[in-house]
Amino acid sequence: MTNTEVLLAIEDLTVSFDGFKAVDALNLYVNKYELRAVIGPNGAGKTTVLDLICGRTKATAGRIQFKEKDLTKLSEHQIVHLGVGRKFQTPSIYGNLTVFENLEISFPRGRTVLGSLVFRRTQDIRDRVREVAKEIFLDAHLDMEAELLSHGQKQWLEIGMLLIQEPELMMLDEPVAGMSVKEREQTAELLGRICRNRSVIVIEHDMEFVKSIAHKVTVMHQGKILAEGTMESVQENEKVIEVYLGH
Amino acid sequence: MGGYTFSELGSIFVMQGFSGLSLFCVYLLMALGLAIIFGQMGVINMAHGEFLTMGAYTTYFMSKLAVDHFPALVGIYFPFAIILGFLIAFGMGYLLEVLLIRHLYKRPLDTLLATWGVSLVLQQVFRSAFGAREVSATLPAWLLGSVKPTETIDIPLNGLFMMGLTLVLSLLVFIFLFRSRWGLKVRATTQNRVMSGGVGINTKKVDRMTFAVGCGIAGVAGAVFTTIASTGPTTGSLYIVDTFLVVVFGGAASLVGTVASAFSIAQAQSVLEFFLTSSIAKVLTLLTVITVIMARPEGLFTIRVRK
Amino acid sequence: MKKAAVDENRSKDGSWLLGLAVLSALIFIVMPLCFDIFRLNLVGKYLTYAFVAVGLVLCWGQGGILSLGQGVFFGLGGYCMAMFLKLEASDPKSTAIQSTPGIPDFMDWNQLTKLPWFWQPFHSLTFTLIAVVLVPSLFAFIIGVAMFKRRVGGVYFAIITQAVAAILTILIVGRQGLTGGINGITDLKTLHGWDIRTNGAKYVLYFINAGLLVASLLVSKYITSSKLGRLLLAMRDKEERVRFSGYDVSNFKVFIFCMAAGISALGGAMFTLQVGFMSPSFVGIVPSVEMVIFTAVGGRMSLLGAVYGTLLVNFGKTYFSESYPALWLLLMGGLFISVVMFFPNGLAGLYDQHLKKRVAAAGARFRAGRAAGLKTAPAGEPPGMEKTAATLPGGIPGKRTKGPKQPLETRP
Amino acid sequence: MTKGIGNTQKRFGNFIRGVVPAAILGALAAAYGADAKYPTAKVMTTGLAVTDNEVTVGILHSLTGTMAISETGSVEAEKLAIAQINESGGILGRKIKFIVEDGASDWPTFAEKARKLLVQDKVAAVMGCWTSASRKAVLPVFEKENGMLYYPTFYEGLEQSKNVIYTGQEATQQILAGLDWIAKEKKAKTFYLVGSDYIWPRTSMKIARKHIENVLHGTVVAEEFAPLGHTQFGSLINKIKLKKPDVVFAAVVGGSNVSWFKQLKAAGITADKQTLLTISVTEDEVLGIGGENLVGFYSSMKYFESLDNPNNKTFVPAFKKMWGPNSVIGDVTQAAYLGPWLWKLTVEKAGSFDVDKVAAASPGIELKTAPEGYVKLHENHHLWSKLRIGQWKADGQALVVYESGLIEPNPFPKGYQ
Amino acid sequence: MLEVKDLQVSYGQSEVIGNLAFEVGRNETLAIMGRNGMGKTTLMKALMGILRSRKGSVKLDGKDLTKMESYQRVAAGLAFVPQGRMIFSALTVQENIETGLETADSKTIPDDIFALFPVLHEMRKRKGGNLSGGQQQQLAIARALVSEPKVLILDEPTEGIQPSVIKDIARVLNEIRKTREISILVSEQVLSFTLAIADRLLVIDKGRFIHENRRDQVDAEKIKQYLSV
């Protein structure tokens, strides 16, 4: 890879909790328009890496370069403003708002106190909300209270809430958990579309799904990178087989 | 401080150190019960001060009983008053948990409001039962006066007693929490309520007992406080904010934190008071506590854990 | 479908405005007609507490920020006003008996010979009126920035506000040469030469107070129905999500906390004017908690409910303390407990549960009848059956659970 | 607990037995006497609650809250005085009826209730208030609505109003003679001043300091104020030990008082080693502090329950008969007892209930039956009274060791401000 | 031994499992297989009384557990090893095991537990949170075993665990079944592990059973198909 293509560069990233190193001197580079899958056993530090990138957890040491800026010094909303979106493991949506309102509230306008006071629902917002809703297969449910959506639909909605902000890097923590086969297929297709003009990091357990989407796979174990490469090369890696893919 | 001999200054230093320690004991006694209730269970019990008052009135009542009817017992009633103070506060705490608190575990801030109401009710009950006047228990002679290790040093007996009791009580709480089966259940429940049920612990019963024990400890604190302060219907409200600050400052879930925080707040307060006026000392101490909480929102003694 | 939602929103606001009209009629017409000036003045006093309650609906109900120190802002507003009035009452002529005429009496008693610097600007009414709102808001801003930027929240914030109230009380009481101490600032007489103690003045002040309250309600309503209001609700339940949608959560909390403080301060200033003095007993913890209770009784999510709650509790307090002095604490305590236990949504919740459908149905019938005459009747559900009210979470910070309880743990 | 309840019942029984017959007698007397000599239209021209056989007064004290502790005694004394007045034929042939209002230890509530008493109930006079703060809160109300307040507490002075009669002592009456005595008796030169942090102790200490420095030519080694409700005096006590003053002059109030004396005793500061003069301890406070913690310390008051004079010999039993044998009578309680009596004498002198006339007639009123002895109302609406120093005994009573002559009230003392 | 009838569980409006019925025989090991999100964990939690079921009944040895709280079910003879182990990370290993003694007759940890898991004996003073995943899994099983259950319920015991340890766990489970004569109900995604321990397999999909096999008749290919996308 050449330097110009790198969107996210993580170097020597370390975070320790009470002596326990959840992420240990990690180096990770994600290119523009790349879809990267991160896999690894529970407790390998996958979610913690996402937490570190999006500012939810502060690093003990190391740097996270995103578009020439060091994210470790920024707060969560600043990181979002730079173009990083994050979906949580369990879908985090506003249950008592409608799908429309969920998307609207995520629309990047009126983000300041004053802005939100004078915010009006204009036609361009309506159009954009519909557009995104269509993309995440929820255009028929715009007025449904989000609480009533199925688990998979909630996952989509959260992805939609990121999409509407047009981030350059999207991080998805287990996006297909709880989805039906058909929903998984749809999600795979959605991710394929999404990463056409942005980079995506996906944490997933479902190997088949990872295989179907990822350009490149990173395997994590005990806070470190165990292997990196194509799905095939990773699957043949001895160490990986030992800790993870044994079966 | 010219004009004083070295030994005089030394004595003052010793006595000042002792005042700081007494204050530490006061704070710790107040906070121990709350550290269990708030720290372990997350219940904000604004009526905690009233459980303290309960213990104090128990002592007063016992002392009156002894003075009026059994003068021979005046010298020895006090330990029994402490035990009875514990039992009464424990019983009332148990009742409160059953009637009120258990319905509110999911709404911690609402327990604050409801228990505030409880504290109002209890204050009025005290007032109706014991009158609005402040009362004072007649203390046994062995609790009055001071020991004089040197000519210039006076160490108050009640302070010593309080320290001894604080030590014993802290040890008991420690044993209760860390060395008993019961404590094991409490800690398991605090860590993971669902899983505790899954290994066979009756978490509701644990809650009830934990809350009651916390209240009982407040009762003991109240009984002990009769040696240094008065008892009135509103006595408890004097302590409540300080108590919460001690617990919050130390880090709600950590018993060691509570001890450390009681110690540092007491020392700060006591030293500042010696050099400044009491009011300013109090203001400065509170401000420091707030600033520290700002810097460490989870309190002094918390472990950074993975989210 | 979208159209229906818009209509629904509009009718939601419509029924709120109707509610406001009813409340206004009660305050502006019914109360003055029913009560003599003594009682009306009392009502006026209660209504000043309603400002605090409205502020609490904003920051507690909407924002999930429980402050147990709102009395601080009420008090600061009141003190600003009282300082101006005291300076006016302390002209050299009426204070000729003092060693230093022309300064407030309590300063003279405390051997001050010069007006302290921070009292100087309160000679100006314009400055005072600005300070009444600005000083408490600024104070709230400092607390808010300090706390919310550091993500201190929930119980911790509540306890810290109590500590702040305690600190301020100690300072006011302790620096009595500057503040009047525990006595407060008393014996206030005139506002720009206008005697505020006369019955006429009391009427005027009552109506000004009522007017300001309605204005505060309107402003608050605007805030809660703006995107900011929705964001507050959203961050109350899912703070992380809001943060990761690119919002600086602390800014919004600071804003709503300052708003609440400013509104409370207005109440404080009107209190000073109507009652004729200000004392540190409002800054303390007890009144602050009582004001939270007013809000809880009214319904923590309901702006109008806050006003009703305040009036109800205070009428109760006055009535019971006149009739059964020893009982009112018991009743008050009982009220706290029962509201929390049985009516977590307060009066507003009761209204929603029992009366609303009927009122809404009646409204719908009325409108339907009227609309039928014009063209087709508006279709769909009755306008009062808004979904927001029904799905608003009951308590903080946990939300009302639906169906089976969610398991507490999540996967690690 | 049972004992307390029993007490209340007995008290109430006594009250019924005492008051009911008196009321009937009073009413009878009124039915015959009032119209003839004092027609209502003549004795009252301002719309007060005065009928042909009744006149209404208000009692305004804290029945709840922190101040209830102190104010209960005053309410009891005022009720006793009213019952006795009614028993002896009432006032201008009219029986006194009273309305009790609760100030709830909250100053705005005092103002609200004062306004209610004056505006709604139109009471002819109000016996009430205890703290300066509550008085300051109601003062504008009384001046605005033109009411009459009988205020019982010793206080800081610096006030004088047409609408208030101060039956307690102002600061100079309580402090100066006391300091003179202790300076002379104990050859005291150095003083340590300690008070609660609010206006009365601060003003009192200010006056004390001026007197010590300018008149007694002594030294004030330190002046300390603890926040109200303070319970930890360890550091302060150490400071006293360090300074070793000849006299500790104290004005600590409320619950703090108890902690203060208990901790003094515990730290070994007892009367045999340290002279202490307080202006804030009466028999009421001793009940809370415990006599054993105070033995040998001095209080500067105008009245002690143990006072040996004929008036007091009848007053104390009457009080105990009405309120139970365990009740105690402190300085303020006695001063509160004077209120209704002074008012009765004044009304009878003026021949009218009208506030203006009562205010005008007040100066010069003499009450010879006061438990504290002879008192006289000054033009400034304060009382001439004596100062007494009591030394506390373990049983909670004081031994009066010094008594001054009648002292003129001087609420605005020149040279002390 | 364990008899489940018409069990139905929902989150809010969405039904997660509907009308499940099955039985675990005495001394039988039954495995329930299925992909993530198909309702395995929900079923396990419902059996333990952690989730309330909307309908249906659970009987253990003829005793109706349906209305019981979790701790009562444990007392009645169920024991639970949850997904993700859920050990009490701030308690020591020994304390963790002791929490399981609540319903047992003995109040000290029986020796055979440490014989079964020697590594736990070595580490008994360590905090549970500092153990490796495999050790935690053993700890969770030990904690469940000390309550002397009739039925042991394990929810995805192999998740995130190294293959060598997985083999260990299989061995231990088989040993337990033999020596203690208890029934085991286990939910799994790993077929090899399942085949090593289970007498019978059920496959769950979208909250319903779609396939059943005895171990000797297992059609591995078919089950693999159900388990993959």
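All chains are identified by letter, namely A, B, C, D and E, in their written order; residue positions are counted from 1 within each chain.
Following the convention adopted for this analysis, contacts are C-beta pairs under 8 Å (C-beta built on N, C-alpha and C of every residue); 3 or more make two chains touch, one makes a residue touch a chain.
Just so you know, these numbers come straight off a predicted model, no measurement behind them.
Peer 1: Please give the intersection of the contact partners of chain B with those of chain D.
Peer 2: A chain counts here if it touches both chain B and chain D, which gives C.
Peer 1: Among the chains, which is located farthest from chain B on the basis of C-alpha centroids?
Peer 2: Measuring from the centre of chain B, the most distant chain centre belongs to A.
Peer 1: Farthest chain from chain E, going by mean C-alpha coordinates, please.
Peer 2: D
Peer 1: Could you let me know which interface, C-D or B-E, is made of more C-beta pairs in contact?
Peer 2: C-D
Peer 1: Go ahead and note the Å separation of the Cα centroids belonging to chain D and chain E.
Peer 2: 77
Peer 1: Could you please state the distance in Å, as a whole number, between where the Cα atoms of chain A are centred and where those of chain C are centred?
Peer 2: Whole-Å distance between the two chain centres: 42.
Peer 1: Could you tell me the distance, in whole angstrom, between the mean C-alpha positions of chain A and chain E?
Peer 2: 32
Peer 1: Where in chain E do residues touch two or more other chains at once?
Peer 2: Within chain E, residues 12-13, 50, 84, 86 contact more than one other chain.
Peer 1: Using the touch rule from the top of the page, what residues of chain C touch 2 or more other chains?
Peer 2: Where chain C meets two or more other chains at a single residue, that happens at 170, 173-174, 326, 329, 402, 407, 409, 411-412.
Peer 1: So which bits of chain A are touching at least two other chains?
Peer 2: Expected reply: 42-43, 56, 147.
Peer 1: Which of the residues in chain A end up touching chain C in this complex?
Peer 2: Against chain C, chain A makes touches at 42-43, 54, 56, 75-77, 80-81, 85-86, 88-90, 92-98, 100-101, 105-106, 108, 110-113, 116-119, 126, 142-143, 145, 147, 161, 165.
Peer 1: Quick check on the complex: what are the chain E residues that touch chain A?
Peer 2: My answer: residues 12-14, 35-37, 84, 130, 133, 159-163, 166, 190-193, 206, 228-229.
Peer 1: Within the complex, which stretch of chain C touches chain D?
Peer 2: 38, 41-42, 45, 97, 99, 105-106, 108-111, 170, 173-174, 176, 181-184, 186-189, 197, 275-277, 279, 281-282, 318, 321-322, 325-326, 328-329
Peer 1: Hey, which residues of chain B end up touching chain C in the complex?
Peer 2: Spelled out, the residues of chain B in touch with chain C are 44, 100, 103-104, 106-110, 112-114, 116-125, 127-128, 192-195, 237, 241, 244-245, 248, 277, 279-280, 282-283, 286-287, 289-290, 293-295, 297.
Peer 1: Residue numbers of chain C touching chain A in their complex, please.
Peer 2: 1-2, 4-5, 223, 226-228, 230-231, 233-234, 237-238, 240-241, 243-249, 251-252, 255, 387-388, 391-393, 399, 402, 410-412
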